[in-house]
Structures are given as structure tokens and as C-alpha cells.
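Each of the two complexes below includes subunit A, the first together with subunit B, the second together with subunit C.
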Partner chain A sequence: MERQEIINGLVEILKTVRMIDPAKLANVTEETDFIADLNTPSTEMINIAAKAEQKFDVEFDDDDIDELGSKVKDIVDLIIKAKERA
Partner chain B sequence: MSTGGRRVAIVGMGGAFPDCKDLNELRQKLFAGQSLIRDWDEALAHGKNIRSTVSGYITEQEMGLEPVYSTLIPNYPETYIDTLGRIPDANLATADVGSIWSMIASQEAIKMAGWSVSETESEQTGVVVGSGGAGHIILRNAWHSFFELKRKTRIAGSHTVDRAMVYRDAANVACLIKNKGVCEAIGSACATGLGNIGYAYRLIKFGIQDRVVAGGVEGTSLETYIGFDAMQVLSKGFAASESSRPFDTDRNGFVCSFGCGIVALEEYEMAKARGANILAVIDDYFNNSDGAGNMFFPSFDGQKRLWKGLFADRPIKADVVKVHGTSTPVGDTIELFSVVDIMGEDGYHISAPKSQFGHMLGAAGAVELITAIMMLQEQKVLPCLNSTNLNPELENFQKAEGWDGPKKPVAEYRHLISPETVNKEINSIVCLNYGFGGTNSAMSISRDI
Partner chain C sequence: MEHKISLLGTEPADVLIHGPKKLYVNKYNWHVPDAGIIASYAPRDIDVEDHFDVFRGVDQIESFAQATTVSCSAYLETIKQNCTFDYLKKTFTPLFISIGQVNFRNYLKLGDVFICVGNITAYKYRQMSCDGRIYKVPAGLDLDEYFKDFTVENLRNYQLSEEFILVAELFDIIGRGTKRTIN
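Here is the complex of A and B:
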């Protein structure tokens, strides 16, 4: 799965998070920071991770989620890692 | 023992009410003698597994709310959309339905009170709002996902605590209005609504706060409903509008309802000084316990001590007694006799608003206080709907040895209990609510004249 394909999928998830301003989702890149750039409440990060598991049909390790960074590339890396492990 | 202190005014109110879009519709329907109780599709959906099927319920759509269902757990509302744009999304994310009602009602009450932003956000403004039940819809789905489906905790999301915790209503209101004073929830079962307002009254009376947003809520919950249904204490066998019938000989249980009542309280002299519209003045509040060691059965002695505590050594006077009046076989008669024992056989009327909207449990005392304020405003006594036939015979407990209460049957008090709205001068009203565990609450309110 291409990284851009994963980013597009993540943007679809982010559109369902009502605290994120949809206008900020127009130019999401790997460097976009969920918290600093999108103002995502930190409490929503685990919900985004759980929805990513469902959307990309993967299961993250709890330790990996604990150490997850707040940039888009961090979760893209995690999805790819989980896919490779599977 | 009551001590002196500051006076407390009620300067705002708001809420969520069955089959009513706002306070005005509630007022209009109640004084027109209408019932707000309907057949409840959520109960009917369970067929023979559930005894009672009527409720004073509120749909999400009626409150301008739209659930956003999780893609991870079927039928789990992960948040709500406020289609009327009253509550920000960040606040909606941490709230269950009851907490959202509390926030909407608090906004309404503060607007009516006319508090400025700085007054609302002050260290002298508190929030005291409680609920009878838990955030059941949230817990139901979270627990099912973990225990039955054996899924990871994160599948239920990160908001099961804030949306289900005991004081979620107070917490959500405080996060919305950004007050810097007290934020607490008092729980006393079906006396919760009045209990929270009574506690808030004391906070102002004793100088701890100048303003408090206070009330009670009972969010829609089939779990709550079926718990009472299993106890066989819910009304059964009547048309919806006739199912809540306090004092009537054919009553066979209460109607489990849901709703929310919030009032804005303010220290009287401050409210007066800024020219606030004072809806009512709280004369006093008193609460106690039966001390009878019985979780469920009402206590004549406990209720008599409640009245004694409310009035202390002052002369007893009330134009209306707003009773708890649930429509249960024993509760109504014990309560009537305790009222008569203290108030005498005439000179006042009894109002039982549960006859019109059922028993809102944790919200009951707060919503019924709002109906009492409306009675003061309208100078009309709300009816005891469906109190058609009163028992002409003595109750069994009246015949028991040691009974020291009134020795006449309920039918002898017909003149106190009107099935229709009564016009009369009303200057003061006593509000009564009781709860499981033998807890009793009473508040006296008056017109500001």
C-alpha cells in the first residue's frame, strides 16, 4: 500500500473527528502534526488509532501506540509496520 | 437546626422536558392539563420481556441532537451533533445525552438570569448538578465490546469515563460555562434534583458562593427503565395519558420518565441590586433520613420530621404543597397523611406534577421545582391528573396499632386534590421529594413581593 494512499485514508478518518476543522484537512502531508497543526485534542488520538486499525485491517501493538508520535508520518509508519508484521 | 444567613433568589431556569420543545411549551401544556406521557417505542421493542411501555421520554431529534454512530461498535453514539448550534463539538464529545441536556438547560438558565460572562466565569459561581443513573448508553456499549466481544479497550474510545462518570453533568456544564467556583454532584436517588438545588442554596446562604447553576437530570436509559420494571413498580395497563394517577384508587405504579431541570440561583441582595427578574425566593431547604432501616418503604415519621425541620419554629404556611406523588400504592397515601398531619385539613392545595409527565427520577425534584415556580408566576395550581377516584375506606396501615396520623380515608381530602387546574392566590409553595434509602428533601419557595 502506497504511503499517499494511507494518508488519504487517514484524512477520511479525520473528517469524522468533529473537533478538527475540515478546512485544515485540504493539505495534509506526512509532516502535518495532529496536535500542533490540526488542533486535535490529545484524547482523540487513541480513537484515530483505533479507527485506523479498522480501516487498514491491522492491529497495533499497545507499546507502539504508547510511543506513537503526533505527526501523520508516525501513524503511516505504524500502519506499514503492522501490515508487514501481518 | 437552621441558622441565619443570606437569602437566595431563583433568577433563571431551563431544561429538557418530555414532548415539549422548551419552557414555554411545558408551561402551556401543563396548565392546559395535558399529559406528556407517551407510548415508548424503545420499551415496546422488547415485547413480553418488559411489563410497562409508557414513559415521559425525549427523543434526540426533539432536542435538536443527531447521534454520530461509531464505525467500531454497532449502535454506539460516539458523539452528537447539535443541529441548533448551541453546544461546541468539543463539549459534545465529552457528554452523554443527559449531560448535553444539562448544558443546554444551563445556557438557557444563565441567559434568563442575565449573568455577564465575567459573573458566569467567576470564582463565586458554582455548578451543582446531579443525576440519578449512570451514563448507561455509553457503558452498555463499552462493556459489551470488552466483555462479550472480547475486543481491546480502545475500541470503545477515550470518552467512556467522562461520558459515564457520576458527576458528568456537573463537569460538562462547568467545562461549558467556565465557572471557577464549586463543581460537584449530589446523589440522593429520586431526591437528587431537589437535593442538588438545596445544596446549592446552602452554598449561597452560607457565603461560599454568590451564584450557582443547580439542578438534576435523568438521561434516557432503558437500563434504568428495566430495573424499575423488574421491581414491578411501574404503571401498567392504562392508556399513556392515564398511566400516572397519584392518589387514585386504581394507581399501580409510577411512570419512568426522563428529563432535566436547571435553575440559576443568586444571592438575593446582589440579584436585587442589579435589577434581576427574581422568579422566586427560596425560604429554606431541609433534608433528612427516615432512620427506619428500610431502603424502599416511605416513613410517616421521617416525613413529619422533614416538615418540622423545614419550618423550624416559624409558623407553617404554604398555599400549595407540591408533593412527590409518584402514583405508587403506598407512597402517595403516606405522603398525603404526613402533609395533612402538619398542614391541617384545609387552606392549601396539593399538586402532583408527576401526574402529567411521570417520574423523572434524578431530574424530578428540579423539574418539579420549575413547575412550582410556574405556579407562582401563573397563580394557578397544577392538577393531579387522573386522581379520579379516591379511596373511601381507611388504608390498612391506618388501622394498625400505633398509627398516630390522620384517621380519615383519602377520599375525605378530595378538596385538597384537584384533577383540574385551580386559580388562586399563591404566595408560597413547599416542594417535597424522597428517594430510595429513606432520604427526604423539602424546599419552601415564595413570590418576591
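Here is the complex of A and C:
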């Protein structure tokens, strides 16, 4: 799975998050920060990760989430890592 | 490793990293691990010091969090990791993530006993969300006897005797266990 394909999937997830302004999703890149750029509440990161598990058919460890950064590239890396170890 | 089927009979001080001065749970009175918990506490002199003998609202929230998100998630983690509470205390720190709406309906003073009634609404990646209520307990009531036949349905609907006085309603109390970095 290509990284851009994962980003596109993440944007689809982010469109379902009520607290994120849809206008900010037009130019999401790997460097986009969920918290600083998209104003995502920190509590919502858990829900986004859970939705990503379902969408990309992967399973994250609890420790993965402890170590997860707040940029799009961090979760893209995590999805790829989880796919590789599956 | 063998684990108890719930937190009943376990000392809160064995589960919680808090205290002794900031431990706000005396006893677990009812617990169904995937549903919720009822725990009690009686404010001490030190808890109402410099606060006109009233137990502070923020400490009620802290008590609720200790009783619910921290205790319930600690129990589930000991099962998941097949470990002891002592091991969890050494390796994880419980953190407040957020507090949703809290409505205070009454107050608690020195000499009162109160219960935290917590419903687990979500648990994922060591993060737990709970809704619930705090009630003042009728004087002299044997809580263990009162809750011995309590059910999850009773919990969900807050089905308590009218003698219990509603003190606070709490929504979206969220806490998370993170790998320990604070010493």
C-alpha cells in the first residue's frame, strides 16, 4: 500500500471527526500535525487510531499508541509497521 | 497467575499509586470489570483543611477518577498483561486526559460517606472513559450488604434508594495509563 493511499484513507477518517474543520482537510500532507494544524482534540486521537485499525485492517499495540507522534507521517509509519508485522 | 474475578476484597491502596494523603478511595463495594464500579470514600480532616470542612469539587472528580478510570483500567491491565498491581504501579502512570461536563447538585462535608458510581463507556489502548454519579450515603448504611445483589442494569440506570443524595453528575471522565516516565 502506497503512503499516499494511506493518507487518502486517513483523510476519509478525519472527515468523520466532527471537531475537525473539513476545509483544513484539503491539503493534508505527511507533515500535517493533527493537533497543531487540524486542532484535533487529544482525546480524539485514540478514536482516529481505532478507526484506522478498522479501515486498514491492522492491529496496533497499546505501546504503539504510547509512542505515536502527532503528525500524519507518524500514523502512516505505524500503519505500515503494523501491516508488516501482521 | 491467578486473578480475582473483580476488585472486591482488594485494598484500593494496593491498586492505586496515589496516596496516602491523596488517595480518595476507601473501599470497592461493587465491580463488574467490563461494566463499571461503585467505590466509597469518607473525607478526612486533611481533605477539608482550609476549605470550611467541605470536600472540594475538584477532589470529588479526582476521587471519581481514582475509583473508575484508574482502578477499572488497572484491573483490566493486570488480566491483559497477566501481572500484579505492584508491577503496574512500577511501570505505568495514570494520567488525566480530559474531563467532560460535571454538574454539582449538592456538597460533601467532613463526616459524610459518599460513593462514586462509574459506568465504563470506552476502553482502548489503555485509555478509559467513564460517566457516572457521586451520591452521599445514608448514615450507617452497610454498603457491602446494600450492593450485594446489585446488577449492571441497576448501575446503568442509577437505581439506588431515594435515601442516597445526588451530589454530582460526571460525563466523559477520561484517563490513560502511560509507560512510566515520571519519577
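Assume the second predicted complex is superposed on the first by the 86 of 86 C-alpha atoms of A that agree within 3 Å, B and C clash if a C-alpha of one lies under 4 Å from a C-alpha of the other, contacts with A are read in each partner's own complex, and residues count from 1 in each chain.
In this section, a residue touches a chain if its C-beta (ideal position, glycine included) is under 8 Å from a C-beta of that chain, and two chains touch if they have at least 3 such contacts.
Bear in mind the structure is a predicted one, so any value in this text is a computation, not a measurement.
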Mind working out whether A:Asp66 is in touch with subunit B, subunit C, both or neither, as first, second, both or neither? second
For A:Thr29, decide between first (touching subunit B), second (touching subunit C), both and neither. neither
Applying the document's definition of touch, where does A:Asn8 land relative to subunit B and subunit C: first, second, both, or neither? neither
Contacts for A:Lys51 in the overlay, against subunit B (first) and subunit C (second): which applies, first, second, both or neither? first
What is the contact status of A:Thr43 with respect to subunit B (first) and subunit C (second): first, second, both, or neither? both
Which partner does A:Arg18 contact after superposing on A: first (subunit B), second (subunit C), both, neither? first
Show me the subunit A residues, by the header's touch rule, that subunit B contacts in one structure and subunit C contacts in the other. 41, 43, 46, 49-50, 65
Footprint of subunit A on subunit C - complex, ascending: 97-98, 124-127, 174, 178-179
Seen from subunit A, its contact residues with subunit B in the complex are 16, 18-19, 41, 43-44, 46-47, 49-51, 54, 65
Enumerate the contact residues on subunit A facing subunit C in the complex. 41-43, 46, 49-50, 60, 62-63, 65-66
Okay, in this complex, where on subunit B does subunit A touch? 68, 71-72, 78-79, 81, 89-90, 92-93, 152, 154-155, 157-159
